[in-house]
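What follows is chain A paired twice: with chain B in the first complex and chain C in the second.
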Partner chain A sequence: MRSAPLNYLISVAFGGLLWLGTGYWVANYLKFNVSLGVGTTVDYFVGVYRIVLAMAAVIGLLACFFWFYYGSQEGTASNLEGAKRVWTISFFVQLALSIVAVATIFAIFENAIFTAAQYAVFFAVMSAHTYLFYWLCTLVLSPRTVKYIPWGMR
Partner chain B sequence: MATNYFIGIGGTGARAAEALVHLCGAGYGPGDLSIFLVDPDESNGNLNRTKAAITHYQDARNSLGERRESMQVAGTDLATPDPLVWNVLERGDMRLADYIKHSNLEAKTHSDDEAGREAGRQGLADFARVLFSEDELDERLNKGFRGHPSIGATVMSDHDDSTDPWKTFWEDLENSAGTDAMRVFLAGSVFGGTGAAGIPTFGTPEMIKEHPKAQTGEGSKVHLGAALVLPYFTFDVEDRDRLFVTSADFPIATKAALQFYDEKKLAFDEMYFLGDSLSQNVGEFSPGSRDQENRPHYIEVATALAAYDFFESDESEAGGDSKYFTAGRTSQRVDWDALPVSRHRDAVQPRRDALKRQLATMTAFAYAFLDYGLPLLETPAGDVSAAWHQDHFYSSSLFFGQDTSLDPRQPEQKQSLERVGTYARQFLAWVTALDEGKGGAVDLIDRSKLVSARNGSPELRDHNEHEHSIGTFMEPSRQMTFGAFINELNGVRIEDESMSPADKFVNLFYEAARRFCKKNYEIA
Partner chain C sequence: MTRTVLEGRFFTRIALFAVICAAGAAGCGGDDGRGPADDAWAYTQRDVVGPNGQGTTDSIRADVYVDATTSMVGYLAGGASRYTRFFRELESSLASGWAYSNLGYFKFGSRVRSISRNTFRDADRRAFYRESGVSQTTRIDSVLEQMNRSKISIITTDLFQNESDVTALVSRVKTEVFQQGLSAAVLGIRSEFDGRVFDARVPAYNYASTRDEEDTYRPFYALMFGKVAELRRLFQTLQSSPAVSRDYFVLISPYLVEDYRASVRKTRESRKLNATAVQEDDSRFAFDLQSGGTGGTLRANIVLDRAPNTPRIEANRVEMTAYRKKLSRRPGEGDTTSTRTRDLTLEALRSSEDTLRATLRMNLEDDPSGTYSYKTVFRPGATDGLGVPTWVERFSSKSPSPQNGPNKTLNLEKFISDLIQASNSVRRPKLAKLYITVRKL
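What follows is the complex of A and B.
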């Protein structure tokens, strides 16, 4: 599970399932519950939401791929302090990206009125595809050399 | 009880013993082995180095409890008597004249009754003067026999069987049963003093082979072998005003010795003659004592390989007509293929592969253990991120904290590991010292990759700064880095719960070294 190509394939499958869940079920919830501004159709909102979601998912997946590749390099084993830095930076970059993704949706639909719960849902969904996805995948699927680097492994 | 005995005689014998101990340390040795040494010069540097190697080997082996099948560090059960060295002479400052009580023989008495006995004694004293020069009679023997085997032969034939090391030897022999039950191998030079005196002395039938204690109804319990080391080095001599041998004396001494072996009826079942025409210079001359410490030489490895071949040889080969086997270098280069490993054509390649595999693995193990493993134990267990360490040596829960029973940092565990480290350091010093450096003929382990000389003393090269060191100390190699070694460490799983943390630690490093060398050096 921690070696290539299995860890790559499992993370793709997990990312795909996550995208289906958030891009279909959560999108349906939002479709019937958000109050959009005048002139904005629900289909347009869902389309934009899915595109932003897909971009976040691709970034999360790429971050995982990079970590899997980096973690399996010969040089990484003898520089675990460097690996810790790489993982942490990647995590926070994705945390920032999730915020940017939520902000992008708000910016595009600036006339819409979202409830606090909907704000939370947007952030939760974007988090799930970025830093949370990255954390979970690297926690379970990291190459052996770096498997104790992600938070929560010890 | 040991069934294999190695008796190293003189400086060369001690150095061959050192090589044999390190081969055993690398896992290329017989199942059991008993060693003792014969040298009147107990303070000489070569002997001290061998004694230290044996002590550290035994400490390391005793520290290791359980071992996986593939773990070969200090694989031979090595026994030694106490004392390890037979000093030959009771007193260090004794002269030959003292030993044969020459002054008593010459003592004059004025009693008429003793006139006849006096004449007899005087005759013996005169006979001693015929056999030995004044210099030989008067030379203090605290630094060996100074290249004069006639002195050594006189004193060596008379050993005390009631004290060790001979006492244990005879006890082991008495406890062994059957013809050829005990294999006894002597090693020494034919061109020096102690070895040249000892080998033919112990090879005379009544000394060991046909000694009453060695007899069964059908023959001798002893299968006797010897390695006679012919001149293989030179050294620098500044002045020569005392009684000692120099490398210029070697050829004539060797010629005389070989003639003697040809004519004398000795009891050896197998004999190995080893020599080298490269005549490498091993440094400045010292007649003996602490200064006599020369760097290891590959001929000593070849001598140890001869001993291993002797111990492992098939008993069914014994008897019958004499057979002669020869092996030699094909060029000026001494590489793995140049080392003589077996007299049997079919066994040469498997043994050669095994020797290369064991020495490479032990070298990689020793380097990684000393430069990475032991220093890591200075870091608290919780701060170490390496997967192999966390998998085997760290467990922590929110409520109960760290489970320290897994931690090799516990004082007793750490002490065991440090003992293994002490032997590993000695092995590494020996194996890298075989390399003569740039332009040298010996092409086995590249010293420059593993050791650097800082402030005059050798130090291990830091694996962080020289990440290719571990993957380039032999040719051919895939030049893998230290990171690849750690990846191998991460891949080893030792599930045995009963194994102590220290044993697990050593087994883990050895198995990783074995896998690494197999891949990197493409060893069969």
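What follows is the complex of A and C.
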């Protein structure tokens, strides 16, 4: 499970499942509950939401791929401190990306009125596709040489 | 070896799983639970915009009725007036505007008499207006009695009528023209005049226009009855005549607009309402009313492409009627016929130029969840919803006399206004139709 290409494929499948859940069920919840701006249609809102979600998911997936590749390199085993730094930076980049993704949606739909719960849903969904996805995938699927680097493994 | 086989099976399962997920996502995405909305109405604009150029053929069949009473003699004005030229230009316009023209000629006054083309061409001579039994009184209603409804009827007259004449004539036009699905048009032509003006509220008086001073000319009229498309085409054809001004024409029909574009949006305050679909080409709009919502406010912007030379729309009297159908995917549960409803009401309406800005109030408080389709029809007010063109006001007088508007037409404004009202009462024009589907969640 921690060796290529299995870890790649499992992360793709997991990312796909996650997108299915958030891109359909969560989208449906939002489309029937958000209060959109005057000239915005529900279809447009859902379309933009799914595009932003897909971009976040792809970036999260690419970050995982990078970690799998980086972790499987021979030189990485001799520089675990460096690897830890790479993983941490990548994690926080993902965290920043999730905030950017949420901000992007708010900027596009600046005339919409979102409740506090809906703000939380947006952030939770984007988090699930970026830094949480990255953390979970690297926790379970990291190559053996770097398997103890993700937080929570020790 | 065993490890490779096991890994191969695992990869196959993963791939299969991914395909199932993708198919599931695609399938789920295609059905978002939106109710049926496309089969609710006929979605035609034809009853609003009319035939718009369709409905005419290569041939025209028209009857020309010339008012041959003595009051028309003044329009001869020495023999070379716009009035005398009009008859020749009318014939040539009809001949050039249609591949085939079939014209009948009549003179009328106290009675109506068919005449030959040669006699018609004598309309520029005084003798034409001295026929005993014809020249005494103007009976336009007798023309209406015998006109052939399958043809265009063109009546040239000075339209000088007292109030009771106007009432009787309009009543006859209503039954013989509007109730038969035909339309009316009035073309005013200012012509040189030198003669006596009869039938005013003052004794007959002499009046002579001044050469090249159009404001002193006295108008005569071509009153036309026929199908709206043919009347429009006839007017376009007549515009080639130097005597005819495009400004002095009014077409009275159920069609006041040639096209319209509309947009409907919710207001920012209507938080429970979201737009789900916008098809501005068809004036179709859809909204979701979220659970717990009772309604909201919609703003409709309707840009009218006004049909030229039609009565003025009094914007402050525009009315809106809404019809409702409940839609359902289950057979037998939806409405097959529409009913008038107050779910959608017109709260306010403003207009600028040819744009109507309507505020619609939606109230579905008492309705259960479901999909409701509304057809909203905007019409001019039933009474005083339409006004006469400004040129009619300028040409008209309630009492022309030598001192006050000697060249104006007695009761023209009342006549046109009553004609418009009569047409409006038979078939009220529509200005726009909007289709709004609301899914109450």
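A few comments on the model shown:
Convention: the second predicted complex is superposed on the first by the 154 of 154 C-alpha atoms of A that agree within 3 Å, B and C clash if a C-alpha of one lies under 4 Å from a C-alpha of the other, contacts with A are read in each partner's own complex, and residues count from 1 in each chain.
We take it that a residue touches a chain if its C-beta (ideal position, glycine included) is under 8 Å from a C-beta of that chain, and two chains touch if they have at least 3 such contacts.
No experiment lies behind these values; they were computed from the predicted model shown.
Superposition of the two structures on chain A leaves chain B and chain C fitting side by side, clash-free. Between chain B and chain C, C touches the greater number of residues of chain A. In the superposed model, A:Gly23 makes contact with chain C only, not with chain B.
Of the two partner chains, chain C is the only one that A:Leu9 touches; chain B does not reach it. In the superposition on chain A, A:Thr41 contacts chain C only, with no contact to chain B. In the superposed model, A:Thr76 lies in contact with chain B only, and not with chain C.
An angle of 160 degrees, to the nearest 10, separates chain B from chain C at the C-alpha centre of chain A in the overlay.
Looking at the shared chain after the overlay, A:Cys137 reaches neither chain B nor chain C. This overlay, made by fitting chain A, leaves chain B and chain C with a least C-alpha separation of 16 Å. Applying the stated touch rule to the two superposed structures, the chain B and chain C interfaces on chain A have no residue in common. Chain B contributes residues 382, 385-387, 390, 394, 396, 463-464, 467, 480-484, 486-487, 490-491 to its touches with chain A in the complex. Within the complex formed with chain B, the chain A residues making contact are 73-81, 83-84, 144-149, 153-154.
The touching residues of chain A, counted against chain C in their complex, run 5-6, 9-10, 12-13, 16-17, 19-20, 23-24, 28, 31-43, 45, 111, 113. Across the interface of their complex, chain A is touched by residues 7, 10-11, 14-15, 17-18, 21-22, 24-25, 28-29, 32-33, 265-268, 271-272, 274-278, 288, 290-291, 441 of chain C.
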